[in-house]
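Just dropping this structure here.
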Amino acid sequence: MSVMENLSHRAKVLIEALPYIRRYHGKTMVIKYGGSAMESEDLKRAVISDIVLLHYVGIRPIVVHGGGAEISQMMSQLGMKAEFVNGLRVTDTETMRVTEMVLGQIGKEIVNLIHQQGGRAVGLSGKDGRLLIARKMETDSGVDLGWVGDIETVNPEILKVLESHDFIPVISSVGVGQDGQTYNLNADHAAGKVAAATQACKLIMLTDVRGVYRNIKDEASLISVLTARDARTMIDRGEAAQGMIPKLQACLDALAGGVERAHIIDGRLPHAVLMEIFTDEGIGTMVLND
Amino acid sequence: MSVMENLSHRAKVLIEALPYIRRYHGKTMVIKYGGSAMESEDLKRAVISDIVLLHYVGIRPIVVHGGGAEISQMMSQLGMKAEFVNGLRVTDTETMRVTEMVLGQIGKEIVNLIHQQGGRAVGLSGKDGRLLIARKMETDSGVDLGWVGDIETVNPEILKVLESHDFIPVISSVGVGQDGQTYNLNADHAAGKVAAATQACKLIMLTDVRGVYRNIKDEASLISVLTARDARTMIDRGEAAQGMIPKLQACLDALAGGVERAHIIDGRLPHAVLMEIFTDEGIGTMVLND
Amino acid sequence: MSVMENLSHRAKVLIEALPYIRRYHGKTMVIKYGGSAMESEDLKRAVISDIVLLHYVGIRPIVVHGGGAEISQMMSQLGMKAEFVNGLRVTDTETMRVTEMVLGQIGKEIVNLIHQQGGRAVGLSGKDGRLLIARKMETDSGVDLGWVGDIETVNPEILKVLESHDFIPVISSVGVGQDGQTYNLNADHAAGKVAAATQACKLIMLTDVRGVYRNIKDEASLISVLTARDARTMIDRGEAAQGMIPKLQACLDALAGGVERAHIIDGRLPHAVLMEIFTDEGIGTMVLND
Amino acid sequence: MSVMENLSHRAKVLIEALPYIRRYHGKTMVIKYGGSAMESEDLKRAVISDIVLLHYVGIRPIVVHGGGAEISQMMSQLGMKAEFVNGLRVTDTETMRVTEMVLGQIGKEIVNLIHQQGGRAVGLSGKDGRLLIARKMETDSGVDLGWVGDIETVNPEILKVLESHDFIPVISSVGVGQDGQTYNLNADHAAGKVAAATQACKLIMLTDVRGVYRNIKDEASLISVLTARDARTMIDRGEAAQGMIPKLQACLDALAGGVERAHIIDGRLPHAVLMEIFTDEGIGTMVLND
Amino acid sequence: MSVMENLSHRAKVLIEALPYIRRYHGKTMVIKYGGSAMESEDLKRAVISDIVLLHYVGIRPIVVHGGGAEISQMMSQLGMKAEFVNGLRVTDTETMRVTEMVLGQIGKEIVNLIHQQGGRAVGLSGKDGRLLIARKMETDSGVDLGWVGDIETVNPEILKVLESHDFIPVISSVGVGQDGQTYNLNADHAAGKVAAATQACKLIMLTDVRGVYRNIKDEASLISVLTARDARTMIDRGEAAQGMIPKLQACLDALAGGVERAHIIDGRLPHAVLMEIFTDEGIGTMVLND
Amino acid sequence: MSVMENLSHRAKVLIEALPYIRRYHGKTMVIKYGGSAMESEDLKRAVISDIVLLHYVGIRPIVVHGGGAEISQMMSQLGMKAEFVNGLRVTDTETMRVTEMVLGQIGKEIVNLIHQQGGRAVGLSGKDGRLLIARKMETDSGVDLGWVGDIETVNPEILKVLESHDFIPVISSVGVGQDGQTYNLNADHAAGKVAAATQACKLIMLTDVRGVYRNIKDEASLISVLTARDARTMIDRGEAAQGMIPKLQACLDALAGGVERAHIIDGRLPHAVLMEIFTDEGIGTMVLND
C-alpha cells in the first residue's frame, strides 16, 4: 500500500468501529482479566491499551482480576503448600493474608499500566467501600475450605464515584464479611456479580482457551453462541471443562442480573477485547439469555 | 487475510488511534466543510461519519459550511445574475435572501445526515443567539459589495450550550449586524473566527486541492508544514492561489486567536478528516505559529 | 390626563396583569405565528414584542411558524406551479426543497427580530435534534400529496435545552422521517403537537379572522368558548370554515395531549397575544376540554 | 373606550414596560418601606402588589422597613416616654426590646401581605444570619443615645439564599453587635447599607413628601435629579429638611457602595414604586453619582 | 486525675458519643424549647450550646419555642388581662398582636444566642414561607377562644432551604390562615406537627418536670418508656397532668407522622438534650409507637 | 457519681469539644499512622475510632501509614535480608515488591477497621490516580539505595473525589515514577507532602515517644512547642533523635506548604489523636511557623 492508501485504509477501519462505539456509548463493561493475558508483557500491554481505548471512546470499563499463579508462587517462596479442592484454594488465615497481599500488588500494577497508557485508575479490593460483602462458602461435600467466600452483596457506590470522575476501577477478588473477616473469592465469580450489580452491558472473560468447546478436547468444536439454558445444561451434565465451570457460572450470574451479553474469549490473542467488541463476528463464545 | 487476521488487524488500527483520541479528548475542532466533499453523496456520507466519530470518541466538532455553488444555481434558476469581485459575491438584498435560504437548507441537510449516522445536531446561522455579529465589509478598492460582511464578534454561548448537551453545531456563514441587517459572510472567514472564539485545538478546512502548493500549478509542490509567517508572506507576495487566500487568512485568524494547528486538506479524499487527525503523517498542509 | 395621572394609570394596568403573570409563571406557551401578523412590519414587531415580554415575565414561549404565502411566491419566481388538494400543498421533491428554504429563512428572520427586541432565540426545523419525526400522510381519498407528512413523534429535548438557557425556540414546520426523508408539515398541526409534547399551558393560534364563527359568513357570530366536543362536531358536520379545520384539529390535539386551553385569536390586532393572556375577557375563541 | 380598545390599550401599556423589565431583569432593588405607605390599608396593598410584581417580572426586591410610629404608640401604651435627639430615638434596654418586638411584628405582617398577593417572603432582623452587624453610634455632641447603632458590616449571605429560592427578604432595622448586643438602627441607614452590600441596581425610598425640595417649604421646588455632590452640599449647608437628611445620607451610602441610582419618592401615591421604575419620567427625586 | 488522665478521660467520653453521632448523622431533630430552660441565663446557654453541637456533628436541629410567661408579663404591663380556658389563652386581636410581638422577639434572641455560640440561625414564624397554615380551633365545649388556631398544613420548604445552607430554623408558634388571619398556636402542638412534616428522627420536648409520671404527684413514678397506645390511654383516662396533655398529644402527632421517637425531658438539667441523645440510658420519658 | 451525674458530666465533656469541632469544621487533617499504634489491637481500634469520629464531626481525615516492621518480618519469612543505610531501607526490585504487597495489605486492613467502626474508606497507593509521583532519591554519600524515592509531585484529585463522597482515603507510602517505576517512600515524608498538597489544617504524626525531647535521653525534656526555625536547627546540629529526623522534616515540609500546625504525638496513648485535637493543652510536640 502507498502511504495514502494506508492512511485511507486506517480511516476506514476506524469508521467501521463507529456503530459499535455508538451502541456501547456510556455503558459499563466488566472485563475479567487473568490467565496468559496477565503473564506476557506484550499481552498485558495489549489488554491494557484495549481498556484505555474503551474508556476514551466513552465506554466504562471495570476490571476484575485474579492472580492464582502468583499466589501459588509466593506461597511456595514462603514454604507454604497450596491445596485445592474442586479447583478452589483451601484458605487458612496465613494463605488469606498472602492472597490479599499478592492480589493487591497485582491490582496496583494494572493501575500503573493503565496510567502508563494515558488512562486513570484506582485499585480496589472488596474491602474498599465494602464493595464485596461475602460469607463463608458452604460446600456440598461439607469439606471446610477455610476462608473461601461467596458474594452476598455488591455495593457499587464506590464504582460509580470513580467512574463519574473518569477513574477506571480495578478490583481484586477479595471479599469481606459483615464482621470484618477477609474472604478469598473466585475472580470469575466476582466479575459476574459486579457485572450484574453495575448493570453492565457486557461481561468479557479472558481465558486461555478459544472459548467453550462442544467437545472438551477439540478446539475446532468452539461454540460461538450459547444460550443460558444450554450453558446450565453443560454444567449440570458435566460437559464443560473443569476450569470453564466457574466462568460459565459467572456468565449465568451476570445474565440473571440483567447483563445483556457475556463473552468467554481467548486472552492469548492480542487485543482480544477489541476484536470482540468492535466487530460483528466477534470471537470466542457468547452466552446470552434464551 | 484470514478472518482472525482481519479482526486482529482492525483491532491494531483502532489501538493506533488511541494516542490521538487521548490528545484531543474534550477539545473542540472546527471543520470548514465545503467544495466537492459537499457535492458527492459518498463523500458527504464519509465526511459526516468522520464528524460523528469525532463526537463519539470525545472530541467536540463544530461544522461551518458554505454553499457557493448551490447559491449560484438557485440564483440562476431565479433568473438572477451572480457577480463576483475578487472572489466575493456582490450581494444585494435579493441575493442576500437567496443566500440565507440556500445556506439554511444546506445546514439542515447536514444536520439530517448527522442524525442518520447516529449523532445529534442543530443548524445555526449567525443570527441564532447572535452567534456572528458582522458589519459591512470595506474594500480597499472602494467597490461596494453590498451586504458582504466582516465578522466583528463571535458570541459562542449557544455553541457551548449545544455542545454541553451533546448536540453538534452546524453553522451557516450568515451574519447579522448590531442593527439586525443580514450579512453574507465568507465561510472560511467564519470558520477561522469561530475556531478562535471557541479556543479550538484545530481548524480543519476541506478544499478541492491537496493543500497549499509552493508552485500553484504543481500538485507535487505540496507544502506539508507552513508557518504563520510564511503563510502571510505567500499572501502578501501573491504566491498563493486566489481561492487559497481566504483559507490561509482563516488559518491565520485562528492561530492568532489561540488555535494550535490549522489544516488545509483535500476534501476529495474519503475520510480526509480522520486521515489528518488520527495519524502522525497527516495530510495536506498544516499551518502553525512560528 | 395629567402626567401624574398617566403614570398612575399605567402602573394600575401593570398591576392588573399580576394575577395572569403569577398564574402562568414558569409555564410553556406555544404560539402559532402566521397570516397577516407575519406580513405587516408593524404587526410583526408587535407580535415579537409580545413574545419577548412573555419571556421576561417568566413565561416560556415557543414559536411555531408557517409561511405559505412566501413559499407560493418563491415557487412562482422559480416558475413552479403550486397545487393544493383540500388545502394541502402537493409537495414534490423540488417543492419540498423550496419550502424548507423559505421556512428556514422566515425562522431566522423571526429569531433576528426577537434579538432586536432584547430576547434571545434559536431557529429550528424538525430536523434539529430530530424534533419532529414525521411519516408520509395517508389521505382518505388515496390522492398522493407527495412529501406531505403527519407527525409521528415530537422529541422535545432540544426545546428544553434551549429554554433552560433562556433561548426562545422558533420552529419551522418541516419534519423528517425515520429514514431521513424531509416532510412538509402543516404548521397548525405542528403547533398542536409541540404544545402537547411540551405540556404547554396554552396553545395560541394567530389567524386572520376574529376566531371561530357559529355562522361562517357572520363575524358577529364569534364563539367565545368552545368545548372540545363541540369543536369535533363542527369539524365532522362541516360547520367550520375550510381554513379553520386544521386550526381546530390542532387545538384538539393539544387538549388531548394535556394542554389546558387553546385559543384561536385575531392576529390582525396588534398585541393580540397579550390581549388574550393578560385579561379575563380574552379575545377570539377559547377551546377547552369538556 | 370599547372593550376591544380597552384591551388594546392595556396591552400597549404592558409593552411599554418591556424596556424597563429587560433593563432590570435579574437585578436587585432595595425598597425602604415606611411612612404613610405603611399606614393606609389601600396604600399597603398597593406597595405590596408592586413588590410582588417586581418579583414576578424577574427583578429581585428586598424590603427594609421601619416603624417609628408604631413603636411610639406601643411605648405610650406601656407608659414609656419616647425621647428623641436629632431625630434619633434615645434607646434604653426596655425601649430596645419594645422596638425589636414592634418591628418584628410589622415585618411578619408585610410577609403575610406578600403571601396574600401570591409572593413568598421571610421576615428577618439584623440578627438572622448576622445580617446587620452594628456598633454603638457615637454622636458629635457626645450625647449618649443608648443602644442606637451604626452598621459596621452587612452579611448578605442569608439574602442570597432566600432570593435564590424565590423568597423576598423583609428586613427590620435591628442590628446586633459582635458581642450580641441588640441595636436600634435607622431604617433609612439600613436600607442604604443593604443596597450597597447586595450591589442593588436601585435603592427606592418611600417617604411622605414628593421628594427633595429646593425650598423646604415649597412642594413645587421638587428636584428631579440630584447629584451625589449636590446632595452632600445640601446636607452640609443644612438646606435639606430634617427628616430628609438620613434619607439623603442613605442614598449617598448606596451610591458610594456601587448602587446605580437612588430614588426618594412619594409613598402616598398608590403604586409609586412602579411609577418610578417602569417609566422614563419617573417620580420624585433621583440621586446619582456625579 | 492527672492532666493526662483527664485528657484521656475526655477523649473516651467523646468516643462513647460516636455511635449516637453516627446513628443520627444527617437526620432532623425537632426541639421544643420552653419553660425554665428559657428563663435562666445559664440554662439558656446550655440548651443553645447543645443545639449548636448537634449542628456541628451533622445532625439537623429545628427549634420550636413558646413564651407564655413573657406574653402574660407583657400583657400585664399593658394592662391587659390574661384569660385561659383549659390551658389555652383566650386570644382577641390585641392579645394576638402582643403574642406575635413577644414570641418574635424571643425567637430573635434565640437566634442571637446561637450565633454567639458559633452557629447560624434564622427566626421564623408560621407566616414566613407560609410555614404553619392554621384555622380557628373548634372546642368541644363550644367556647370561643378567639384567634387560637389548629395547624392545618406545614409547608416545610423554607426549613429545607435554611437547613441546606447551614442555618438552624427557630420557629415561633404563630400560624396564619388561608385568608391571612394570624393565629395563636400551642408551641407543643406546633413542634409535633413540624417534626412530622420534616420526617424528624426525634422530637425532644423540654419541660419543667422529670418526664411523665405514673402518679402525677410522685416524681419517683417517672415512666421511662411509654407506648403511643398507653399515652393515648393516659390522656383519655385523665391520668396525665394538665400541662402534660398537649405535650403527650404532640408526641402522638409526631409518631403518627412517622417520627421514630418522642422524648419529654427535664429542661431544668443543663445539657438535658445531649444527655438524652448521646447516651443509651437517656433521660425523661420516651414515647414510641407500639 | 450517680447515673445522672455521670450523664451530666459526659454532656459537659462533649460541650467542651464544641469550640474545637467548630474551628476544624470542613478542614482536612493528615494523620501519619504507624508504630505501636498499629501493633496492639486495642490501640488500633482506638486510633481508628478517633479517625471515624473526626469524619462524623465534619473534619476530613486522611490517613498515611507505613509498615516497616511488617515488611521486615515478611522479608525474613522469605529468607531475604533487610539492609538499612541512615534509616532508609535499601530497596532492590524484590524488596520493592514485598514492600508494596505488605503495605497494600496493611492499608486494606485499616480500611476494613474503619468500616467496622461505621466509617467508609478506600485504600490507595501512590499509583492510584498517580497520587504520589516520585523519583530516585539521591543521597549525599552517593550510596545507591535502589528504588527508594523522593516525592516530586502529589496529585490530590483522587483524594478530593473520595472526600467529597465521604470516603476516608488511606494511603500507602508507595510512589511511582513518570516512567512507571515503583518507589519505596518514607511514610513520614509522604504524610508531610500530602498535608501540604491538600492544604490540611493539621499534620498529626503518631510515634512511639512522647514527642520531641530537648535531651534525647530524657523523656521529661519534652518540648511542647517548637518553631520551624528551631526544628531546622535541631536537625542541622544533630540534636534530634535519629528516628525523629524524618518526622521533623515532614513537619517542616507541611508547614512550608501552608499547613498551620504539625504535631508529633505519642501513639502509645489510646485516643492520642482526640487528646491532641479536642483540648487546649494538647499533647506531644507542636511544630509551627516562626
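Going in written order, the chains are labelled A, B, C, D, E and F, and every chain counts its residues from 1.
The definition used in the following text is that a residue touches a chain if its C-beta (ideal position, glycine included) is under 8 Å from a C-beta of that chain, and two chains touch if they have at least 3 such contacts.
Keep in mind that what you see is a predicted model, and the values were worked out from it rather than measured.
Both subunit B and subunit D are touched by C. Listing every chain that touches subunit B and subunit E alike gives an empty result. Note: the chain lying farthest from subunit C is F, by mean C-alpha position. A straight line joining the Cα centres of subunit A and subunit E is 56 Å long. Chain centres here are Cα means. That of subunit A falls 45 Å from that of subunit B.
Per-chain CA centroids place subunit A at a distance of 69 Å from subunit D.
Inter-chain spacing, taken between the CA centroids of subunit D and subunit E, is 35 Å. Within subunit C, not a single residue touches two or more of the remaining chains. Interchain contacts close the chains into one ring where each touches exactly two others, per the touch definition above. Contacts from subunit A toward subunit F in the complex involve residues 77-78, 97, 100-102, 104-105, 107-108, 111-113, 115-116, 120-125, 127-130, 157-158, 161-162, 165, 167, 174, 176, 180, 182. Across the complex, subunit B meets subunit A through its residues 3-4, 7-19, 21-22, 25, 46, 49-50, 52-53, 56-58, 117-118, 269-271, 274-275, 278-279, 281, 283.
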